[in-house]
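Two complexes follow with chain A in common, the first pairing it with chain B and the second with chain C.
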Partner chain A sequence: MTVGSAGIPAPGTPHVSTTRRTTGVVRRVVEVARAHEEGAWRWSARVAAVLPLAALVFALTVLVIKAFPAIKVNGIGFLSRSTWNPGSGYGTTVHSHGVAHPAGSSYGAWPLIAGTLQTSVIALVIAVPISIGGAFALTERLPGWISRPLGLALEVLAGIPSVVIGLWGLLTLGPILAHDVYPILGDHMPDVPVLDYFRNPVGSGEGLLTAGIVLALMIIPIVASTTRDLFTQVPPLPKEGGEALGMTDWEVANRVTIPWVRSGIIGATALGLGRAIGETMAVALITGSILGHTAANIYSPMSTIAATILSQLDGAQTDGTGFAVATLAELGLILAVMSVAVNVVARLIVARTSGLAAPVGRA
Partner chain B sequence: MESNKEESHVTRMLRAKRCVPTTVLAIGLVLAAAAGTASAAQPKLPKSGVETPPAATLTETGSTLLYPLWNIWVPDYTQKYPNVSIQTAGTGSGTGITDATNGTADIGASDAYLSPSEVTASPSLLNIPLAISAQLVVYNVPGVTAHLKLSGKLLSQIYQGKITNWNDPAISAINSGVTLPNLPIVTLHRSDSSGDTFLFTTYLSKTDASGWGASIGYNTTVAWPNVTGALGEAGNSGMVTGCKATAGCIAYVGISYQTQALQANLGYAQLQNGKGAYVLPTAASINAEAAGFVKSTPANGTISLIDGKTATGYPIINYEYAIVNGKQSSSSTAKAVRSVLEWAIDPKDGSSPNYLSQVFFQPLPAKVEAQSVKQILKIS
Partner chain C sequence: MAVAAAPHHRRRALQLGFRLGTYLALLLVVGPAGWLLVSVVARAAPHWQWSVLWTQGHGTGGGLLNAIVGTLILMLGVFLIAGTIGVLAGIHLSELARPRRNGKPSGALLRTASDVLSGFPSIVLGYVGYVALVVGLHWGFSLLPALIILSIMVIPYIAKSTESALRQVPTNYREGAEALGMSTGYALRKVVLKTALPGIVTGLLLALAIASGETAPLIYTAGWTTQVPGGQLTGSHGFPYLTYPVFNFYDQANNSAHYLAFDAALLLVVLIALLLVASRIIVARTQRNSEGRR
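For the complex of A and B:
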């Protein structure tokens, strides 16, 4: 609070021309406001600071309350079972642990947890190298007349609604991949562990790999634009020093520029991972929506937690016992916990790597 | 809806004001209110068959199968009664039922009747048959132009992954004269909660009681068996586009999507009925099947019309339901809802072939229509 700056006269300051114009009442009001300004500011800041935390606590509490009947019935096995059976809504209602649910209902989230992790990992494996390479080219290599429009395109890509990307994935990218790309992979991958996951059948283009590729397209703008901003922060002196020592361009990039912002890149990757884990609409359109079992190979239809909540909510609401909705709330809880865990782990990694990898001269 | 309440309030006030003294005004108000509730409890169907609606804005959500019909009904109904406006949305039967329950929508459309647990959860809900629909089993088998013959047992085996190729002897045995290609079968099912899934799995449960019926059963969403390549698709249109893109696919869609299915070059099957005959879904076979269920249709319309015992009937047909809360928020909304539904099932109006033939639906048999009218008049 710098009183007297910006042309506003502080009380008692001999500022002749304004004092003449200001009537006594107005001056009094201004003085009272001044006296309370600090308190008001402090309180609004406090409320603003607490609000996000309160919202988070509120959301999690409601989720836990809604999910509670499902947590009781589904038990810890919910995390490891591979089944998705809403039971017969037209059959009898049974009670277990005091909770009403349709006879025969049995839920397990393992295929959905696995699907969420699989699509996210595929997306990161594709997106992170492309993003770092692209960001590096934009800041270090390309002339401004190319890099500026390219950078703009990157930001425009980030702004495309996910449902549009999902539709494009379903109607255009999926069929192209299934007809022209996947068969090449499926036919020629050797029958050895890990790589045999890429062997036939390649399916229809709705499935794990397509979902991962589309997710990659959605997180590239996030990771790349963050990384680009990081690269522009690297001061020129260390890079020039590297070149003076006879390093090649590649060595400068690999040993000076990228290590300088390593923790930032990890943070950017965590941002992308967070987006990939929670992305719903685009994924729901292209996973093939298979709930009860994990993907048999990398082309298989599957589903993720977020996509399942979206696609099953309508049907869950027809379960008169409310058990199906409770189970979806439990899924939501798992998703929230996964997202928080990703954030925490990313922070730990950043804390461990920052400073260690930084070259001399960086605090 | 808020404005309707105000409006009826205003008319009551006007009516009351005729009895000038203020002391009488209060009594007048009470009387008017009492008269209002009395007439709402026992509405009568006018000779025209359709009550004249008060000004109202109604919302319809639900079944994607019924959605195309609502879209051809609404312009004509609102042209006749311009003081009513109706917003429609194809959201899936589940949302339709939920919206009708909590009052988000005035009319919920569903291909499936209410489950016992839904009735327990909201006892004031009515399921009112509006028309008769059927379900097609469609497929994308290049080179096959004939209508393949399929039975419920066969479909059960296919959807359980026990029959995996179109050239399987079990399929060719009943399709003599058709050259079936060596092509893996890709089964499509609905990923969203669907009345179509309810109909299809009911057919499988009834025709393969010891297999499908015992292990999987019927519902708007079921635990689909683990079949290689099987896909979940959202909505009837998702089924059609998904099947078009996948050679070897098999899927089930509502008959109102027949035109889209044919445009996508999909074939549709002759299904085996309860008497063992293979029948195509036509107006005649749908009406024949429906006729067999008229006697057994209860007053509340809750019945499955699958796999009846009519020799010429098509085995997967169903009533299309309006899910309506029997206790509406205001008597004027209730009257408007009644009017729309009365118009919709009247064979001279909404249920004339002029509308229904566009989506290949059939009108309700006379006795069922009369039962539906009785249910509609319960809305207050």
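For the complex of A and C:
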């Protein structure tokens, strides 16, 4: 590389002055601007950095204010009840705890909380091993000319809109699963605890397991690409040392590579969990949207908190007392608390384990 | 040693299982992505007509011109609003926030808030936008509430990618700038930001890809209209965007609605692929230049 060809001035190149002759006023303005440039950067950046915090506080405040009447009426039983009855829109309005709501209205969030957790756990159980295995194949086994385009495919999958994935799950994947895969599972699963959830009836393909599988597809890119980046950061020496000791690939992966980045994998998993809990569009399309019941088996139609807020807000506006909209705010608050809690717990785990991540002393 | 104690055949079986398992996992990672793309194209291609690109929608038929224009306006708005705020926030977190006296990293509270916001469910943000902006401020379904909620969603993402792009700028660049007597602001603009620009732009492009594919925060803030959007920020009685037909037209009775849903899905995938390719090209060019500089 010759000096002077890539923007680096060769020694002895005369310095080109950029100072222009300006009138006094303009020069003065430029001087003032120069003098205050740092301050301008500092202040605008500080204001911008505070905005996410402000937005967060704003969103939570709106939710709490809006949900307050619903929290008073629905009580703590909201978390354990299974009913979802908006009451009669044409009937009388009754007051309880000083809050007006339609006669006969009774709301419970338990099936939705359970549905959110069930779909998310199914998604994690499917996505995490596949992501780690896939990331391992990408970084440790395949040559760059294969793994780079495959990595791009991963990015494309991450970028596909969730509503498109949901529509594909509903129209393409769901029917195939319901016709060709679920019946085999449903007929042959033994009648023992846990596995009996897989027994017939298998339904139409719109339900818990399909939603979990589609959610898994949506979080695989997150977990897999993070894990892939983590694996590439593991220094080669400890791995080569393991191989020199006669360890197999599996033993190197199990005892060196994965423990080295364990906290990162936990963080990536939590990220995926957060995404799965809050995911709306895909789940709304393929859960079958059944309110008021927990899933009877793993194929049953059900719903999640996010999908219910989406599907019910339109109809909730017909409740003249505003109670249905308030109840949805309470649901939103529960969902927000769940995803914030996942985020915080993940951070604590990562912070606690990161110091111990390396099984071999780092240089 | 535990390794030596394990029987030979068991180690071989584990090893074989592990290798097969990783390849199977890779197939399960990549296969669905390919299947999805193929089926999106396969559903749209048989009835594809170029005229959807310049025909306005009417009812659940017609074309997608209104939705395309709407999505492009939303992207431009997000680029301006979330781009400015997110990049500035990233600059604050990386460059300007003062280190704490107790040795903790600076800007911890703001960074945590940003992270929590990035994990905040998008439908809940959409609800907040509906209650506070659409109804509360009487803005109605229109561009401004949609833009604000969408920006809030992607600002943490842009801030994070900007911060990490800035952190990759070598410390000696900053020290060199200081040694030359540059003021902090001038050095930031001329040296640090210039070096980090490709990373920042890549983050912005990916944020735009996220924003253009979102539905949940828009359903109750933007609404929908078959009118091609004009310049109205509020009170326009609806604002169109490309993900709406995908979600709402697939189960309509008429075939033209189904076609529009699949066409819109294809357009979204193409749009996002273009953004991804653009960000890839930027990354590749930067890498080539930085290698050439050495």
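Convention: the second predicted complex is superposed on the first by the 330 of 363 C-alpha atoms of A that agree within 3 Å, B and C clash if a C-alpha of one lies under 4 Å from a C-alpha of the other, contacts with A are read in each partner's own complex, and residues count from 1 in each chain.
One rule holds in what follows: a contact is a pair of C-beta atoms (placed from the backbone, for glycine too) under 8 Å apart; a residue touches a chain by one contact, two chains touch by 3 or more.
Source: prediction; values computed, not measured.
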{"item": "Between chain B and chain C, more extensive residue contact with chain A", "value": "C"}
{"item": "First (chain B), second (chain C), both or neither touched by A:H293", "value": "first"}
{"item": "Which superposed partner A:W145 touches (first chain B, second chain C, both, neither)", "value": "neither"}
{"item": "First, second, both or neither for A:A224, with chain B first and chain C second", "value": "second"}
{"item": "Chain A positions touched by chain B in one structure and by chain C in the second", "value": "171, 285"}
{"item": "Contacting residues of chain A [partner chain B, same complex]", "value": "83-93, 102, 104, 106, 171, 174-175, 201, 203-206, 284-285, 288-293, 296, 300-301, 303, 311-312, 314-322"}
{"item": "Of chain C, residues touching chain A in the complex", "value": "3, 11-12, 14-15, 17-19, 21-26, 28-30, 32-37, 39-40, 43, 84-89, 91-93, 95-97, 107, 109-110, 112-117, 119-125, 127-128, 130-132, 152, 155-156, 159, 183-186, 188-189, 206, 209-210, 212-216, 219-220, 243, 246-247, 250, 261, 265, 268-269, 272-273, 275-276, 280, 292-294"}
{"item": "Of all residues in chain B, those that touch chain A in their complex", "value": "91-95, 97-98, 115-122, 184, 186, 191-194, 217-224, 226, 228-234, 241-242, 245-246, 249"}
{"item": "For the chain A and chain C complex, residues of the former touching the latter", "value": "1, 6-8, 34, 37-42, 44-53, 55-56, 58-59, 62-63, 66, 129-134, 136-138, 141-142, 150, 152-157, 159-168, 170-172, 217, 220, 224, 245-251, 253, 271, 274-275, 277-278, 280-281, 285, 306, 309-310, 313, 325, 328-329, 332, 335-336, 339-340, 342-344, 347"}
